[in-house]
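Below is the structure I would like to discuss, written out as structure tokens.
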Amino acid sequence: MKKKVYSRLDEVVADVPDGARIMFGGFGGAGFPNNLIQALVRKGVKNITAISNNCGTHDGELGLMFKNNQIKHVIASFPGPHASHFQERFAAKEVTLELVPQGILCERMRAAGAGLQGFYTTVGVGTEVADGKEERVLEGKRCILEMPIRADYAFIKAQKADALGNLTYRLAARNFNPIMAMAARTTIAEVEELVPVGSIEPEHVVTPAIFVHRIVQAKGLHYAG
Amino acid sequence: MKKKVYSRLDEVVADVPDGARIMFGGFGGAGFPNNLIQALVRKGVKNITAISNNCGTHDGELGLMFKNNQIKHVIASFPGPHASHFQERFAAKEVTLELVPQGILCERMRAAGAGLQGFYTTVGVGTEVADGKEERVLEGKRCILEMPIRADYAFIKAQKADALGNLTYRLAARNFNPIMAMAARTTIAEVEELVPVGSIEPEHVVTPAIFVHRIVQAKGLHYAG
Amino acid sequence: MPAETVREKALLEKPRLTREQIAGRAALELPDGAYVNLGWGIPNLIANYLPGEITVYFHSENGILGMGRRAKPGEEDYDLVDAMKIPVTLIPGASFFHQADAHLMTRGGHLDVAVLGGFQVSEKGDLANWKIPGAKGSGGIGGAMDISAGAKKLIVCMEHVTKDGAPKIVKKCTYPLTGLECVDTVITDLAVVDVSPEGLVLREVAPGWRPQDVQKLTGAPLMTKGRVPEIRLP
Amino acid sequence: MPAETVREKALLEKPRLTREQIAGRAALELPDGAYVNLGWGIPNLIANYLPGEITVYFHSENGILGMGRRAKPGEEDYDLVDAMKIPVTLIPGASFFHQADAHLMTRGGHLDVAVLGGFQVSEKGDLANWKIPGAKGSGGIGGAMDISAGAKKLIVCMEHVTKDGAPKIVKKCTYPLTGLECVDTVITDLAVVDVSPEGLVLREVAPGWRPQDVQKLTGAPLMTKGRVPEIRLP
């Protein structure tokens, strides 16, 4: 059977092509797949579409990829004032940005994972977010149509994994990771700990193995920011 | 502060009015709020709209309420050949039925809980399920518009609860319960065990307290079927 | 009585595969490491026929991944049942999740293979499997519509003809539909048939059956690609 | 210079509430047992001013229910941060969940109260709080649009006027909108104002301020219902 556990970070990202659409987990410094991001930096892939709540903090998290000019388009909710490399590229029009409300960003990814073709929401009605989107009234409420956000890869961070791909997350480092794991064609999880199959209680599994395609252990290293 | 824990089953359902829309958790004999259902039978509420994957097994689960002629309309995915009281009432046109694919039933409830106004799906396209529903093509796929299913109450079954309303479920008795808890205006949980606040690990909570409005312990009693 | 009908009646008396053999053949379609959902009826027998050298992870739409064998007498736990309400066991590395996630897996294209029972399959791969026209009672859909809409590969296991000898593989389904253009492969007591953009392809035939005889009991044209081998059995 | 402007300039020099006092007043709006989300800015100070006899459960849109106080030095865990990236603690009975559930809570009407900062609030309760026209950089929305669309009660805490003395409570927002008709109550350094179907209602005024003076610094008509009391402070 094809093994999901990889021993090297560079191996686990080896097939990521230029132009790939990649979801990156993490929020507020917690749950970022920083080791995978740095492997992408070493690999030097270009023209990436990044789907991520924010755009890094200086040289941290996605910051390195913007510094290295690897990302051409971003779908994000809050790029962030400290995302200095992104902000520079954005000001220079080297990166384009689709701003999406945070919950809708997540819900659009979930729709992709759940095999739904779009949904109506009141969020964003009458705002810039509604520009170019279909608007209609349902059950007496103005709503806009939001479409699924799909990706080739999800790069996520978990605490524990077993060899089958069952994952758990630590505290608030859970955030976007379980949803992105459901939404991408190939989900790659950077984990702190590999544990024996069967040692995660079936009732405590947060991301079931079916959503996880590759696992690499990368304890300790955080970001170079 | 208003307490969520009730000591008596009859008290916890005392305000349920005739004509209420109620979601009932459970699947395949596991995770049914049988004690709450029997409290509704004792109370004798009428003209209930029941939202439930199935319609009981003879006198078990929702069977008693059909026997007692308390339900006038059902939204279900698989009423079931052993739902004898339902099938009799249905044949006699005393109960109406909306049949919904199982995953879509759950997704429509989730949409209600998630503040979404409807979603598009390929499920059911070209089938009886699509009758009367809007159809359109999105991203090259034929899909139909499915609307949220809302309810006044969710009657659910959990394994453990703390006094704040955090819940866990046992094995496959989880099924519809966590989604219904999110979808109804008032969620009432029948639980096997009340545990001290703080004794459920924050990472292991399945239904966070915000979704649970009333709790009653009802260990042991299963159904009278 | 026209000669053709007599001949088909004779065909109907020839030995066909048993339900267990259909399940055994279907088991060979499951790749190592696959995530698989098995529906009611013949599909539910498939787990008994898995080749020993492969591991398959069974999904149950009530919220289990990694279902094991059925529970033995005395071992039953009625909080651990499959979608047919039958007590089961778990394999190491199993997980539980709620119904929305269970069907996110079916609809969202996460299952590698789903195997469902069928009343009719059309030459375009339409499936009818939830309601017999005129049957008593409410009927029920269950998870079949979500599963058929989303599985990466959908196999239907069924008898090739009804009890009355009418083909169940047809040009156009006359029974209420479960899903459009969703079936990839049909495995029956007479044949393995693939649905392709060009039409139905007869891949294998039951022992002792000739392609032209299978065609006679089939309501839509079957193409062949070279010699059609006998059905493989485990 | 017209007399009216001189008078308003004088008004602007009168003492107003501090940011802490605005937060203190807002804390009184939180009912016992409420599930509450606090946004960036003044709202984030509110947790410090809760009356001792009530319990409130704080939701953080990164996936926490039951957030406690901020972590003390040495106590920080960077996997346990709030939506502002600040290390926090938990109260007993807290829970973690993923982002989709976190915003299911905001959009789905599960939060009893949300308190957000604001740049402008219109007389219909429209909110603008995410982007200053002409500001540099990409801007960012974060959770504000989901929260404003879904909270059972939405309170906005902000200064009553800009640094230049321009009203922030206006007939129609000129800044990019966050949400339409979503604000229930505005708490400023000068007043507590409710949004009602008939228009804005001045509920309380800052100590030493008269309703007519607050009106002069407000861009939309304020109704009063009888005598307007002084702002309550904890």
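Each chain gets a letter, A, B, C and D, in the order it is written, and its residues are counted from 1.
Definition applied: a residue touches a chain if its C-beta (ideal position, glycine included) is under 8 Å from a C-beta of that chain, and two chains touch if they have at least 3 such contacts.
Computed from a predicted model, the values in this text were never measured in an experiment.
The set of chains in contact with chain B as well as chain C comprises A. Taking the mean of C-alpha positions as each chain's centre, the chain lying farthest from the centre of chain B is D. Comparing chain pairs A-D and B-D by the number of C-beta pairs in contact, the larger count belongs to A-D. Between chain A and chain B, the centres computed from C-alpha atoms are 33 Å apart.
In this assembly, the C-alpha centroid of chain C lies 58 Å from the C-alpha centroid of chain D.
Averaged Cα coordinates give chain B a centre that lies 36 Å from the centre of chain D. With touch defined as above, residues shared between interfaces to two or more other chains in chain A number as follows: 107, 110, 114-116, 121-123, 169-171, 174, 202-203, 206. Multi-chain contact residues of chain C, defined as those touching 2 or more other chains: 96-97, 100, 103-104, 106-107, 149-150.
By the definition of touch given earlier, these chain pairs are in contact: A-B, A-C, A-D, B-C, B-D.
Chain A meets chain C in the complex at residues 1-2, 110, 112-116, 162-164, 166, 182, 197-198, 200, 202-203, 205, 208-211. In the complex of the two chains, the chain A residues touching chain B come out as 107, 111, 114-123, 138-139, 141, 143, 147, 168-171, 174, 202-204, 206. Against chain A, in their complex, chain C makes its touches with residues 32-33, 35, 54-55, 57, 59, 65-66, 90, 92-97, 100-101, 103-111, 149-150. Chain B makes touch with chain C in their complex at residues 27-31, 53-55, 76-81, 86-87, 90-91, 97, 99-104, 106-107, 110, 121-129, 142, 169-179, 206.
On the side of chain D, the complex with chain A involves touching residues 60-64, 77-85, 96-100, 102-104, 106-107, 126, 131, 136-146, 149-150, 176-180.
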